[in-house]
């Protein structure tokens, strides 16, 4: 019984870490993997999702709808940014780093000026349950389910929907996709919007559990970047397995040696990966690719 | 003595067998042309020799040494040099700089400048020496790249369609350049479509077809070979 | 055959000019490869463009589909100038482009590759299943391997896929760039036969660049000969049977 | 900046944009700038002098990044990692060794060496692992972020090297300023005229040395690698080694910045490695024009001064305006403001000449 | 170069130029530098500090200034960036030549500017609760320190809830040092530490920590979490139904979490603070009233805001008694040991040895609905530790920050 409750607790911790890594990283991974752009405004899309979700809840919408609204707004903002700014930089991916950083500065400080230094939270729904004397938050399971569901939905989007197929075609051989009638510039907008929406979803999901301040995005960014580095460019072959591996490493080390060890574990993971798998897990899995 | 030799050189891309156990020999001091219809595997063979692709099987010998596993730059240092099909020059640098980057391997100071001038003269690029390489005409770019390849003082020069996009005059001048280099003792392997050019320079011709050596001989033997003519016209069912 | 939504039949019966270029110049980075190409293709024709390597045949194809902007002159499709249209807009007018080297999407399955081609049909009303079945009918190997990644196919299979892919969009015109390149002759024959069948069944117009004489003979109703960036001759089907003429224009 | 230099830059631009600044015009311009810089403390108050020293401190890191990114074509987003490592190393060395006998200068050299060593190890993994392009940026950024996080956690007394406490997030303080051994008593270089001249001299030396480097055989190859790595390899160069060397030199300069900054303020903190700190060098170099040392140098000073000015007078809008200016600059001036302005004016000039000639 | 760049941007800058208040009064103004974070991570807690200083300065100027001299504020936004503190501390001291500086929220920012204050022999007020230990004659600290907050809080908690204590603390100087105070005081009171965990800054996910706490079964929990990311603990613990009494020295008083978070995530939290908006006495009430009149949109007036307000009046008193703004004269006044005033929180005095301030310490209890009550108030709690460890600024000035590792006997310098 003790073993079982220990096992449950380890799985819970791992699942919790996995959810955090997946939800933080998948928006970044979509934009990086599909478009080759490092989006330093990733945290600000998370912020956008969190703020919109919370405002929607305060206006009386039920949480799931509010999260959906937050996701959509972040996605639309992403598409707008892509149309106005990002699309001029496809030939200059390195410059896009500077630009997204500039955007991030504008958004963070703009939020502070317009909405003030903080926003009241909404509280975590669903309460808790007890296993072998330990309380667990039900909402954490919602997050885990959301992470898995997000991966599943992304999988469906990229393999079953017209947009997904056209997006993959555009990424693989852009000029041929264009010549086959695919409006590739629309595809790029939608892809960027999807990445932004995923960040918004992350923000919306975590909004009830966190302090809402204009700089809250930074709490996600390091983990997101590390996951993408370890995973490489592909979300299914890279991000998801990387999140799983890192979650086990982090949960294991954290429960064994505390939070510091968990954090150091991430550092070691990055170093090991760039030594052994320079292109991340994706590169390893797709090694036969030329 | 063979300067370059491949033994059962093999390359697969996914489901495509692009180079099929090619046995090939290039003698010291020879100008050898590699011809064949599009998709015959010429470019892949070329990249295998350069080390840009690693072979799925077989071996590459250069000057008697096995270089199958050597990195590209190491092969260059052994004395192989290359001119690509699409000019691989440094567009944003001046013509003179392009050559000097190649020449500075073995020269410096005054002799570097002398040799640069000599090479510019040889390439008919003296007037353009301070232009950006990207602003040259297509033919001039091709020459510049040949110049960069030559600047390394190679023992073996690899040319991938050196005259692609050139006018007949430019093509002929290129042929003369190649022959002048050969006279100085450089062995040459050229992939080429332009039969006039092949006729002008080739001492030996190898025909590749579906990744295999299809025929080999002097240019006259090849031209006379009805089977070769047929593969070009798509008539041979290999 | 019925079932293709576009009214190709009517057009081909009237023998309208479908595609026309007038004094077309195009090239890369300021260097003109095409130096005033004039050609005209009527609906329902199969026309070959032949010539030696490096004379600009592939460049012509790329500028027809819009991957290469024209420097001078114009391209007309169904009588309207399409010079300034981007490639995807040209495709949606009903032009299918099968590039040299096939360029299938390597990490997508055959079926998914086919779905991409559907974009050529701008109407968005295509009955996907019917079209896929029809393409599987022409190219059974694609059906057999429908879930295999396209990058693992042989050259001939990739070529069939590339053609099937544009057929998904029900184009009025197909541009084929060196369809025989690197492909076993029996497959080349199959492809040529299928193209002719398609033309007969649907009235689809085909413009193709080719060096393989067998294929040219099998498919082409007439040929444009290119040299040094422009069309230098036009020859009919009969001339193709004359080996010396062909040799003069093509090979070694 | 006197107008003369700018116009000569523009003139040189007309000749060819590879190496900005040539001929007597440019060098006399340089001499004038240098003379003005030398005379500056005579006219400026102590604050401006010290503040300029502070600006100079960062220029080394920017020049190093220009070498790695602008000349070598490899974007490192993690230059602050080397900045931080060297800054902490200087702290640890000087706190343990003291500041007598010019030991601070020994510490400076040792700290810069340590950052170069770190860059060597990291760079070996990166370049010999054939990491390039955007992925290189994301990996280096992650390294510096993780390093920042690690250093923030070293607050406890167990995190000490000798008598130097790393002191976690609060940062390490108490290290001495740079000193020059002198008869009688050492001269301590506080952010004042003395340090101004020392930093200026270092800056001139580094700038000229880098000019020599990029115009040398090595620099030629480096630029060749940026332009066309495949061709460079096919000329027989082991491009990985060249990129590694450029990375180590550039990172050592970031380390030099770190040491100078630490000695300037007697303080170093983990947040000098964090996300916004890491983005700054990229911003300076991108705004100024990364592919040239001179534009990088002036661009860095311009951005530093401009951002500081905005912060002083822009109140809470400063960050918004900064972000906005950044976005606009990058969109409108892809090769940096100096080169883009230059080509804008020269184009206007050419157009006017053309009109007049008609 | 800088000059010119400055010129180029001048036009732009003036658009946003913050006009420094000019007062038409007799006498040379007394210049007060204000370096606080009005943007970035810490802005939540620090915008109120600027307001407190502005309020006090306005009142003083309305009443004839300090010795007839108006108080002029020179304010810069330090953007929660340590480097900005370094830049602007030099600027206010060298360029603006201010007489005194009020600066800094995080300890990191204080340590960033302190060498510069020392170098120019300036005088800086640090109006923030912090981990303690700064022994520097150029610094005056009006915020509360651990011995004031924990010597009151911990014995109360041990007596009320039991002897088993679990601490979670931010893994940096403040957290480490505070945790050490907690450890020592728990031991003195016969309690035991059943767990102690340090959380890296920026961590926002606490599932494992929550479980560790539940496993250790403490009687109460001491939370020394810092920063907005770590504040997420409360929401997460509440949703996992941890339901333990909590004790803290940072929350509520600084980041007014009880106002920002959804009840009941902070329920049963006990905080020792030297003042908060809810303190219910006449002086405090009229202070809050004045404040809201001037800053109607202020979300909350925290303890640092009050500290800053009080500090301005303390400075006024020092200058008036010293008869000048000269630092040596001011230090002599401090050394007299009776720089005291009646602040909104109650009577406060500056301790001459450490130049830290005594406080009235309020025990604030957060209830289910996040309303505040004060079960206990301690008057005149002195900052004793620095004196205990050997700091005596009336005798020598080590310009150092002592840590508990200096504790047993530290007498060098």
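Letters A, B, C, D and E mark the chains in the order given here, with residues in each chain numbered from 1 onward.
As a working rule, contacts are C-beta pairs under 8 Å (C-beta built on N, C-alpha and C of every residue); 3 or more make two chains touch, one makes a residue touch a chain.
By chain, with names taken from UniProt: A = Branched-chain amino acid ABC transporter permease; B = ATP-binding cassette domain-containing protein; E = Urea ABC transporter substrate-binding protein.
The shown structure was predicted, so the numbers you read here are calculated from the model rather than taken from an experiment.
**Q** Could you run down the chains that neighbour subunit C and subunit D together?
**A** A, B
**Q** Trace the shortest chain of touching neighbours from subunit C to subunit E and give its length in steps.
**A** 2
**Q** Name the chain whose C-alpha centroid is farthest from the C-alpha centroid of subunit D.
**A** Farthest by centroid: C.
**Q** Take the average of all CA coordinates in subunit A, do the same for subunit D, and state the distance between these two points in whole angstrom.
**A** Subunit A and subunit D have C-alpha centres separated by 33 Å.
**Q** Could you work out how far the Cα centre of subunit B sits from that of subunit D, in whole Å?
**A** So the centroids are 43 Å from each other.
**Q** From the mean C-alpha coordinate of subunit A to that of subunit B, what's the distance rounded to whole Å?
**A** Averaging C-alpha atoms per chain gives centres 49 Å apart.
**Q** Using mean CA coordinates as chain centres, what's the subunit D-subunit E distance in Å?
**A** Distance between chain centres, rounded to whole Å: 36 Å.
**Q** Going through subunit D residue by residue, note those that touch at least 2 other chains and give them in order.
**A** Answer for subunit D, listing residues that touch two or more other chains: 149, 153, 316-319.
**Q** I need the residues of subunit B touching at least two other chains; which ones are they?
**A** In subunit B, the residues touching two or more other chains are 14.
**Q** Would you pick out the residues of subunit E that each touch at least 2 other chains?
**A** 39, 171, 198, 200, 202
**Q** Within the complex, which stretch of subunit B touches subunit C?
**A** Interface residues on the subunit B side: 14-16, 18, 35, 37-41, 134, 137-138, 161, 164-165, 193-195, 210, 222-223, 228-229, 232-238.
**Q** Can you tell me which positions in subunit D touch subunit A when the two form their complex?
**A** 69, 75, 77, 125-126, 129-131, 133-135, 137-139, 141-143, 145-147, 149-150, 153, 275, 279, 282-283, 286, 316-320, 322-327, 330-331, 334
**Q** Name, in rising order, each residue of subunit C that touches subunit A in their complex.
**A** 65-67, 86-88, 91-92, 96-97, 99, 103-108, 112-113, 115-117, 119-122, 151, 165-166, 169
**Q** Within the complex, which stretch of subunit D touches subunit E?
**A** 1, 33, 45-48, 50-52, 54-55, 149, 152-153, 155-157, 165, 167-171, 173-174, 190-191, 265-267, 269, 271-272, 276, 298, 301-302, 305-306, 308-319, 321
**Q** For subunit B, which residues are in contact with subunit D within the complex?
**A** Against subunit D, the touching part of subunit B is residues 50, 52, 71-73, 76-77, 81-82, 84, 88-94, 97, 100-102, 104-105, 108, 130, 132, 148, 152.
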